[in-house]
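Common to both upcoming complexes is chain A, partnered first by chain B, then by chain C.
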Partner chain A sequence: MTSARTTRLLGYAAVAAVLVLVGLVPSTSGPYTNHIFVLAFLAIGLAASYRPLLVAGQVSLAHGAFYAVGAYGFAILAQKHGVSFWLAALAGGGVASLASVLIGVPSLRTAGAYFFLCTFAFSVVITSVFQNFKSLTGGFAGISGIPYPPGITTEADFFWVAFAACALTVAVFVVLDRSLWGLELHGVGASPELAEAVGVSRFATLLRAFAVGAFFAGVLGAFYASFTGFIAPQSFDLWLSVSILTAVIVGGVRHVWGGVLGAAFITLVPLAFHWKGSGDAIFGAACVIVVMFVMRRGIATELGALIARLLRQVPAMPEHTHLLDAGDDAVEARDPAAFAARPVVLDVRAIAKSFGGIRAVRGVSFDLHEGETLGLIGPNGSGKTTTFNLISGFARPDHGEVTLRGESISAASPHRVVRHGLARSFQASAVFGHLTVFENVLLAVRGSRPVNPVARMLVPVRRRGAHTAHAEAVLAEVGLLEFAAVQADALPYGHKKVLGLAIGLATNPSVLCLDEPATGMTDVEIAHLTSVLRRVRANHDVALVIIEHRLAVIRELCDRVVALRSGEVIAEGTAREVLESPEVMTAFLGGVPA
Partner chain B sequence: MTFVQVLVNGVVLGAFFSLMAVGLTLIFGVLRVINFTHGVMFMLGAYGTWYGTELGIPYLVAVLLSALAVAALGAAIELLVLRRFRGLLIEGAVVAIALAVLIQNLTNEIIPLSPKSVGSPFPGTADVGGVVLAWHRVFLFGMACVLIAGLAIFVRRTRTGRAMRALQQNPYAAELQGIRSDVVAPAVFAIGAGLAALAGGLIAPVQQLLPGIGDAPLLASFVVVVLGGLGSIGGTLFAAMLIGLTQSATTTYWTGPAAVALSFLLAIAVLVVRPKGLFGDD
Partner chain C sequence: MTPLLEAIDLSLRYGATTAVRGVSFAIAPGEVVALVGANGAGKTTTMRAISGAMAPAGGRILFKGAELKGGPHAALRAGIAHCPEGRQVFPLMSVDENLLVGAHTIRDRKLIDARRARMFEVFPILDERRAQPAGTLSGGEQQMLAMARALMSEPELLLLDEPTMGLAPIMVNAVGDEIARLKADGMSILLVEETADLTLRIADSMHLMEGGRIALSGTTAEMAASDVMRRLYLGDHAPATPIPDAKEPPSP
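Then we have the complex of A and B:
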């Protein structure tokens, strides 16, 4: 039996055991336990629906507020206006989701603490609305007489309603986590810049996570209102959002079951002791501290790693640490002059960019023909990387224009540029650290072609044959296939740089910009890199722009070279012409040898 | 109520927020910890002062003693717990939340929940040209100015202060220069916690003491810190005044309950224009 099957069977067994245990609760225990379990189910649903946003690296303190908004929306419709239970519950979710879009659109555009504060402020402001908007919310007196779902009459019956709501929510978010969109969330969380660079819109991904999570929180809030029959401003405070956050962190953000386990742990622990007064809170808080001490990455993540170790399932790093040889390296028949006859794919016209008083790029122009390899050289600070940023959408030129196959991309954001067919790598070995090598490349594959948004969220990524095949092909091409299951962070330096190249390549670009692909590599690694690049351009019709200080690499690969100095082009021509021109020698060596 | 009165109330409130928020911004700036225990430190400072005066210790001595005790607690928390979560922002915040809940509930177990009050050494009110202010609030304002000025001088002029600023700007380079972050960190935490406790002790005579007393100042100082720009002391002072004046004006011209919500809305509106805060630069 393979260990993957063992894990799967263990998983099924665990789910079955939990179902049996849950099934025993209503028949064997009293109303107190029943009550706690209903609240625990709602908390588990809240944690599961909150997790995606945390996965994508954003902390919100509004999830409890969305729960409250859903509860109020539902209660107002169902109790005051006689709307049917299910319609009102869905409407509660809808209102919460709408609120999330209203705060998400202005606040998710900028990175940093702003979003966090906005969600925090929303929680405070919405409580004030509940208190003061008396005609709608009943003020401090709240709303009472909120109905049960049709056909449900006792608290014991409600146990199963809450369980179903919880199970459905958890199932939805497990499916989402395994979809392409789930992978994108992990990518945005690991590196927002790299995610943009492979065609994932950071903003759209985050907003969707926020809105979908808020919808489920709102619906769960409706069930809460129905269960207690009474809601008031004091039913929901800021600490609710804080405890949802705590549940997911204690459970483990990165594990798909993290939120579920964490919420179950936090809500059910008090049940075991049944203390009076502050006992529950003290014990709960102490448990959180102890768990975080012992398992810093959260319960589910650490337990998952432990089980994988016990089953010997940890993907071992291949024995030899050097890269696979990229195969026989047939000498290319390449005529640099022939490219001039092919159409221009990338046209850079007089682009300029200043940062404060520093004019980093002052009117740089060059063009790139289909299939051509262009070298971009120059001393440090000559504007090479800024030029890349201007081309790839990471910065906007003050003047000038960049056109890709006749279409202007000067004002496009990075994820749009890459969808147009221009990909880039980064100088620092940028990879999605906690994803596997395979997932790193898979994430980039999707960036290049549109997938129906619903399918993107629901179809498991493993089931996408075309995507996975493409990712495997790219890994084979660069010689990293053997490392597919290894976590990208664990790769040696040179391998990471090659992975960065593979990520760019996976977007199926017609122009691939490589920022210092060989810097810091050993000679053996450089030999591998150049042979990979030769193969890449033989197999695909891709034009390359390479920034590099290792001039041997430039000489070996480039059909044409552009030299920059102080943000201006000082020479252009074949590698030999440029490297021997007096201006370039002066720039690099400080003078022309006599 | 006159406009000048609103202004004076706002400035006093702002000074109080400053005293709370500088500690929070200092801890975040130097240690990158979102310190959710700041509210319970405030609460402990207030209750410690009450307990001291119950024992017959003079008010000012009680404030000082309870602040010192809370500062020691802050240092202990850094040494024993939060140190393990250096560099893990969210995990550290969650542990701080758990600590806050723990301390709050332990306090509830020990001290009866009934409201407490503390007598002020400066009773009565000052009346200058129609502007009325409790003498104790005048004292509170003066103390806040002295303490914040003292902190600013400490951070700028002393060796430890320079070490703190170095750690804030670049922890790696600072360590390479021989600055011991393992020694500076508990000191920073002690200063932050001590300032929160001083704020609690100083406000105790003009506010009824209830267990959840630290929540509102914690929330307000979060907003002040983000609005001012994370880690910037000058920005924090400016933002604290802005929030204080807004709340004072809202309470007077409109309604008390809306004051907090409105000042938060103001903070958001400002941040639309300056997402990094008024004085933030990183």
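Then we have the complex of A and C:
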């Protein structure tokens, strides 16, 4: 029996065991336990629906507020206006989702604490609305007489309703986590800049996670209102949002079952011991501290790692870790002069950029023809990387214009630039650290192969044959296929650089900008890198712009070279012409004959 | 002569992956030792263990005869400064402040000022940028700052992990000259460097690492002549002048 099958069987066994245990609860225990389990089911659903936003790296304090908004929306429709139960519950979710879009659109564009504070403010404001908008919410008296679902008459019956709501929510978010949609969330959480650079919009990804999560929180809120029959402003306090956050962190943010296990743990354990009052708050806080010390990645992640170790499934680093030695040198018939006849694919006109008082780029112009390879050289701090940032949408030029395939991209955001056909790599080895090498490339492939939005959310990543085949082909092309299952963080420096190249290539660009691809490589490895790049440009007819200090790369690959100093072009021509120009010798080479 | 540093049967692991297996070598006072080899051979990992950033899974590290224990702080106090790979500077602190952090084990203000003045002499661009937050420096400038910061602590043993990574050729030469000067002043250095020219010019002895083990050791002259070295590290590269005298660094 393969170990993958063992894991799957263990998974089924665990689910079956949970179902049996849950099934025993209503028949063997009294109303108190029953009541507790209903609340625990709702908490588990809340944690599962909150986790995606946390995966994408944003902390919200509004999830409890969306639960409350859903509860009120449902109660007002079902109790006061006689709308049918199921329609009112869905409407509760819709209202919560709408509220999340209203606060998400202005606040998710910025990074950092701003979004967190906005969600906090929303929680405070919404409580005040519940208290003061008496005609609608009943003020402090709240709303009572909220109906049960049709056909349900006792609390014991409601146990199964809450369980079904919880199971459905968890199932939805497990499916989402395994889809391309989930992979995008993990990517944005690992590195928002790199996610943008492969065509994933950070803003849209976060907003989707926020809105979908809020919808499910709202529907769960409706079930809560129905279960208790009475809601008032004091039914929902800020502690609810904090406890959801606590549950996901204790369970493990990055594990698909993290929210579920965490919420079950922190709700059921204190209730099982009949702790009252602040007992559960103290228990939650203690859990966070213990988890931070002994299970830094959360209960689910650590348990998963333990099981994988016991079943010997840990993907080990290949014994043979040589970089790029799969290279069979492609023989190239290349005439640098011939490119001048082909159409211009990238046109950079007099771009300039200042940071504070420093004029990093002062009117740089060059063009790039289809299939051509252009080298960008210059001393440290001469504005090469800033030029890349201006071309790829990571910074906006103060003056000048960048045109890609006839369209201006000066004001486009990075994910639009890459979708239009210009990809870039980063100087520091930028990879999606906690994803595998394969997932890193898959995320980049995603942008180049559009899929309809519903399928993107529902189809598991591993079932996407075209995407996975494309990703494997790219990894094979750069010689990283045997590292596919390795976590990107664990790669040696040079391998990360090559992965950066693979990520750029996987977006299927017509222009690929490489920022110091050979940094940190030995001379032997550089020889392999140049042969890989030769193969890449022969196979894909892609134009390359290469920033590099290692002269071997410039001499052997570049059809044309542009030299910068202090943000200005000081020389342009063939590699030989530029490296022999007196200005480049003094500024870049330091008088060493090229 | 008693070695300054001795690694004895050192093994290092990341989780389940063994990165370094039974590596032993020594550094004599005033000696420059280079670890060379392909990416993933275990050079950086070995260096991290010596700097205290990583605890050995097996074997020992002796510094001046005493076993090194207690993490990076203890190693720094004992006289080992680490200039890590990949431009690790404090991005929100100014260039000046970054240098002061490097000198936090020194009490004498005059000595600190003298060291800093020296660093600005070696890396004039850092002087121009001294009030700027380090995160706004270009990649190469950050590399220079990281090296300058390590030198601020006046170490007895300097660990240099890829000191020329991402530097333009003119700065590779400048950094190379500075390392040669430090060597001439008697500093012991453990060097990991991809640029073969520089390694051959400065190192006294070399260890070629391969798959977490030391595959070949020798003096720089012996190693430069070896076929194995040529295949795994040097490529078709032939040093322009065999081994110049490191005490007189060739003028750029």
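Everything that follows uses one rule, which is that the second predicted complex is superposed on the first by the 569 of 594 C-alpha atoms of A that agree within 3 Å, B and C clash if a C-alpha of one lies under 4 Å from a C-alpha of the other, contacts with A are read in each partner's own complex, and residues count from 1 in each chain.
Methods note: a residue touches a chain if its C-beta (ideal position, glycine included) is under 8 Å from a C-beta of that chain, and two chains touch if they have at least 3 such contacts.
It should be emphasised that the depicted structure is a prediction, and the values quoted were computed from it without experimental measurement.
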item: Touched partner set for A:Met521, first chain B, second chain C, both or neither; value: second
item: Contacts of A:Leu458 with chain B and chain C, given as first, second, both or neither; value: neither
item: First (chain B), second (chain C), both or neither touched by A:Phe588; value: second
item: Contacts of A:Met292 with chain B and chain C, given as first, second, both or neither; value: first
item: Touching partner for A:Leu117 - first (chain B), second (chain C), both, neither; value: first
item: First (chain B), second (chain C), both or neither touched by A:Gln131; value: first
item: Footprint overlap on chain A, comparing chain B with chain C; value: none
item: Contacting residues of chain B [partner chain A, same complex]; value: 36, 81, 84-85, 88, 90-91, 93-95, 97-99, 101-102, 104-106, 108-109, 219, 222-223, 226-227, 230, 255, 257-258, 260-261, 264-265, 267-268, 271-272, 275-277
item: Interfacial residue positions of chain A with respect to chain C in the complex; value: 309, 314, 316-317, 319-323, 355, 377-382, 385, 427-429, 490-495, 516, 519-527, 549, 551, 587-592
item: Parts of chain A lying in touch with chain B, wherever the complex brings them together; value: 54, 59, 106-107, 110, 112-114, 116-118, 120-121, 124-125, 127-129, 131-132, 238, 242, 245-246, 249-250, 253, 277-278, 281-282, 284-286, 288-289, 292-293, 296
item: Touch list for chain C against partner chain A, complex; value: 14-17, 36-41, 44, 85-87, 125, 136-141, 143-144, 162, 165-174, 194, 196, 211, 231-237, 252
